[in-house]
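One chain, subunit A, appears in both complexes that follow, with subunit B as partner in the first and subunit C in the second.
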Partner chain A sequence: MSDKTSLRQREGLIFERSSPGRVGYQLPPLEVPPADPAKTIPAGLLRGEIADLPEVSEVDVVRHFTRLSKWNYSVDEGLYPLGSCTMKYNPRINEEVARLAGLAQLHPLQPEDQVQGALALMWELEQALIAVTGMARVTLQPAAGAHGELTGMLMIRKALADRGEKRRVVLIPDSAHGTNPASAVFAGFEVVEIASTAEGTLDLAAVGKRLEGGDVAALMVTVPNTLGVFEPEIVKAARMLHERGAFLYMDGANLNAFVGIAQPGKMGVDALHINLHKTFSTPHGGGGPGAGPVAVSDSLVPYLCVPTVEKAGSRFTLSYDRPKSIGKVRGFYGNFGMLVRALAYIRSLGRDGLKLMAEGAVLNANYIRKGLEADYHLQYTGPSLHEVVFDDSLQAASGVKNVDIAKRLLDYGFHPPTMSFPLIVHGALMIEPTESDGIDELDAFIAAMKAIAREVRESPDLVKGAPYGTPVRRLDEVRAARQPVLRWQARKA
Partner chain B sequence: MANPSDRLYTKSHEWVQLAGGEATVGITQYAQEQLGDVVFVELPAAGKQVAAGGVLGNIESVKAVSEVFAPVGGEVVAANGELEAHPELVNQDPYGKGWLVRVKATGAPAGLMDAAAYEKFLAEESH
Partner chain C sequence: MHRYLAGEDDRRRMLAVVGCSSVEDLFVSIPAEVRCGELLLATARSEEEVRREFWALAGRNIAPECTASFLGAGVYRHVTPAVADALLQRGEFFTAYTPYQPEVSQGTLQAIFEFQTFICQLTGMEVANASLYDGATAVVEAVLMAHRLLPDRPRVVAAGSLHPDYRAVLDTYCAPQGLSVVTVPADATGRVNAAAFAKAVGSEACAVVLQSPNFFGVIEDLPTLGAIVKSAGAMAIHAVAEATSLGILAPGGAFGFDVVCGEAQAFGIPAAFGGPHLGFFATRQAHLRQLPGRLVGETVDSEGTRGYVLTLSTREQHIRRAKATSNICTNHGLMALAATIVLSLLGKKGVREVALASHATAEYLKAGIRAQGAGGKVKLAFPEAPTYNEFLVLHDDPDGLLARMKEELILGGVSTTRFGAGLPRGFLVAATEHNTRQECDRLLDALRRLA
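And then the complex of A and B:
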């Protein structure tokens, strides 16, 4: 590529820009005699040598990070079809509202009568999430999806302990998000994996058989599942679990597929987490933090995190009066700034808008499915909701794997789909367009994927060598994992 | 690569080779292909008791972390220390230098397949 030698492409580490003695600001000479740290600071608190910090000017710093930022790809730049992650656009109105001084400058220790608006906001968000899910109540505290899973499972554990039962086993289908087994184990349970049916859905017979042991605490299941397929037997599963005294935990990561259309509360779900950074458009990852409120059925309400926000007349209070609570799972009241953004999104879309959002996500995923099903293999052909999972088996004969297709997509200017997940699809390419993009962007993506499929047939080595147009070429992921270099160290002079 | 006929296989794609009372355990060619490049292998220390069908350790590849199940129960006699620095041996030589652990078996293995049955199982799996 012609611009390979541009400054932007050659950007090194900030440490490599360091020049001895260079500073951001020239400070005036001291007007007081300098103090000797050895005499003023206890020896145990004195460090031997100064950390190896880069010596750079302000403009060095700004330019370095500005150039690096141009290497980035974000939802503000284009389609970001990372399956399961729901990388939808984050509307600017959310940011506008979150920056209002009355919200942004609150202190979490301010007395209740000074923060009535913030409490009203939390109460209103809880009511909105109750309306969406059909559950009894919601805790807004957890800081992410997996944190929500842990919170939900801790409530289930406490409810079981309350009944004097020592149920240890949590059933999890083999298509689950990896966080499900991790959360269950972290909450003190043992995980038993349930193989999916040939259609990729929950194997009800296998669940029923395992329930006979009497030691099952809960089933954790994602709806729609990680193939983007709705679990048709979820109501039956809930009934079977409840008859055996077990709970149903729903991973709500894919809630965006049916907001306004179906309610987990009516399916018999006892607890589910809601990823505000997925379904309700708050920023992901580095732009986060996340928020993973947990909605529960009546049976788990006594175990909710404290404090809860309660409304008495027109006044809102923080209530700690919940003797069976699992306690707090997060400092103060959760990631409040994210709660503000989520409510802004919910209020700006409204009930009908939220339903349209879910329908748009499903429509877009199916548009991509239709557009690509001649070029890429679909292992599970059940009706797709908000995402579609292709695999690389049509390309395997040319020696091209999902990772090669993903890397080539970078050359076409798109973020790749999720790869190699769910684990039940070998060589998976999991595409979730979300409702954010219009037909032009979807068509461009489909055209790029079709072009790559053609390249695989005609010149597979081109695809296997990708990417070509990125700041760095293909990285050696295997070596990076086997011999990780986790810390920069100065070259010895 | 053919699956050697001097050992037995599990449905979860481990192999076990019995010699005297000692069982050597590894993962199959098919398993390493499915995993892709192995980057880390976590194995039990010698002396640990494992139950047949219980989790023996974890294998991490660039794609995923997978559990390895014990085809036989017993006491772990040795783990393959080579894999710490060279996890790629699991990919390069799954039936030889890529072995995982040796177990002093407490019972005869049950429900395992010979090479022919395992290959039939693989053929059915892929449909």
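And then the complex of A and C:
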């Protein structure tokens, strides 16, 4: 701890390492005649040297970012049971193939005959995602899950407009991810929240009642839901919605729970996004990039983003021939680098491995549930699939909150679960182990959580003061928000 | 079992603990009617087989690395220091997620704080967020922010010289908000005409989007246009598709623009057939509460040590839900880290050198085309216009010409026919410090012979 802390204090910002005259990269000598911008560009449009950019050597940069990296917890280091995020192992072969020059260096505007391999890859991934979901087609364009939600809801909006209908309302359960209501609003809808049942599942009666208004465009629902419980009435919900001319949007964040077991296409889903950075192992990158392809039923195929990749014989093309398309939701065709990794993962696992993956994720979550149910309270006791949501109510009497448990878990060498979500569980601890770990790592996690429960009973202040062994102690988030310092600035001389 | 998963014994022991005789018992909650049979996919493959398949796929493409490439139009090939990818491949960075637990995420958080600082320095603005998806969605977020700040103004004005993809995405997002997007075309000089522009802005516009250098590579008169926008009371947005240009060109921040945003792929991020790239977004302190996306702020820990946390998250979807300033959650953090590393390496000297070298190389090409004179079959579309590192060349059959040049392993530019009707027939040529003089001479020679 002490050496980490001292390094933590010594290693400042890259700007603070700056020393005049140091360079971190040298360009080759300019072979063409220099052009003086003062002669080629009007003076008022130019700028001089940017004052406070750093001057550091290559060694400085390597040291700086290597030190920074050591202050991160990561999947490579251990179990990262961040619920809803599916923090599984990110295979290195995916990184290797994504860096092949024939993929990584491709310019998106090279003519089609130069990029047949890239188009084939996109087509193959679409086919694989169709096979997994049982849906009709997929757009690979969205850059992330929330972006996929927006894309799906825009397609639904366009389909309704095509029918001459202006339905304004989107129903969303109160257990949903925050992105669902936000995406619905950016797609031009109003959100009506549906309270979950006592079991934490979709309240079908409430949905039915709200459908009577005739103004409901869609229901957005996560399957399995954010408690990790399969929505038992999903097929009935789809039927009810369709009878009333509304659509079913499925948040596919939890797809990892049932790949190879069940298919959204059989549930009556009209659109779902697939987080390739969750189910299909593309790395989370400290916040992204991800990729959020959207799979749709036949009814929404006309509205897919352009371009789509089409196959004619052995030749692949980018097709803009989709008159009812919602258009583009980002530049070019998608986060191609992530698509490469996801296809590599699907190939590595195959149909047999993908099913083992889902089974492993569900077994691991149930094993943790079993291991911790004597020590932590489980508000909703329905059968768990890939994740389990405990809460801090057994610890509340000692004045310990979920956040304290999370911070103490850091001292035991684990990343904590997702905190305080879903909103229907007060003091939630949402645990999603994924399939990546074996029984030994899970046992270590269970032991740590049990040890913390014991500490809460015996010495709650110890837990409330955690963490102790991390590069920094508990950080003052209130101060950060009240007196925002959002960039480094040079001290005025 | 499989190399990414635990073994048979793990499974047997865990099943015994949870009290199931088979793993199938764990799925009883999923009804039969939604169950599927075996997926229509191949079975698991070894790493070596996967490698072979992707080598074959990559082999069916032409990698610009093996050619003289002058492709740009929003995606540029600049310096790629070896250090950058080596650091990015540290699992501590790329296998972590959003730094929700700051005590074990100081690496990611501090790097984002440094990224925010770099973006402020480049754009001349006061605050920058932790990244967005790409240039097109960054422009959209800027327009939507303007719409929140000026909700009674239903119009968006976009320069006709805005990247067509940015414009297409803007149209997609604006329709459901009831915003109409009006175009001010570029005139014969390749720039937005100030008089036509002033008329279009009127009093109804909440946002005005100007790209500079614009899609044709031409540097817009930002001070004049910015003043027009300001006097009309609208939000002025400077869109940047080629971020290295900020090494020598004054950013919108210097001329009172409200937002400078766009695409920072040019700072060391691979073209990767269009993504992932790096959206950036910078604005004034006054608009902080309406900023989309994540923000990292400085604070101290319980012992007074400086540290960093995600902050002002009450703007964001996980707190504000339907009232959030954006629906974005996962962003492009690793790409922001890549740019942060590259900007650190380039530093004060390199940021300027890259821009100067790119500009000089493009000027060399322009001079070579001009030198072909009236008899030459290709012409600069806007011969008098100031450009940075890209310019439009007119030609009747750009696709045919580019195909002939490709046979000589020259990727001579991006045909405007890729972007539908409405653009002059020709192709965009982009140069960077990556292009050698020999490559430039090959291009000029090919244009002479093949046009």
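Methods note: the second predicted complex is superposed on the first by the 436 of 493 C-alpha atoms of A that agree within 3 Å, B and C clash if a C-alpha of one lies under 4 Å from a C-alpha of the other, contacts with A are read in each partner's own complex, and residues count from 1 in each chain.
Note that a contact is a pair of C-beta atoms (placed from the backbone, for glycine too) under 8 Å apart; a residue touches a chain by one contact, two chains touch by 3 or more.
Because the structure is predicted, anything quoted here is derived from the model rather than measured.
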item	value
Subunit B versus subunit C as contact partner of A:15, first or second or both or neither	second
Partner chain in contact with A:426 - subunit B first, subunit C second, else both or neither	first
First, second, both or neither for A:164, with subunit B first and subunit C second	neither
Touched partner set for A:477, first subunit B, second subunit C, both or neither	both
Comparison of subunit B and subunit C by subunit A residues contacted	C
First (subunit B), second (subunit C), both or neither touched by A:230	second
Partner chain(s) touched by A:323 [first = subunit B, second = subunit C, both, neither]	neither
Subunit B and subunit C contact sites that coincide on subunit A, given as residue numbers	178, 419, 421, 477, 481
Of all residues in subunit A, those that touch subunit B in their complex	178, 419-421, 423, 426, 477-478, 481-482
Footprint of subunit A on subunit B - complex, ascending	34, 37, 39-40, 60, 62-65, 87-88
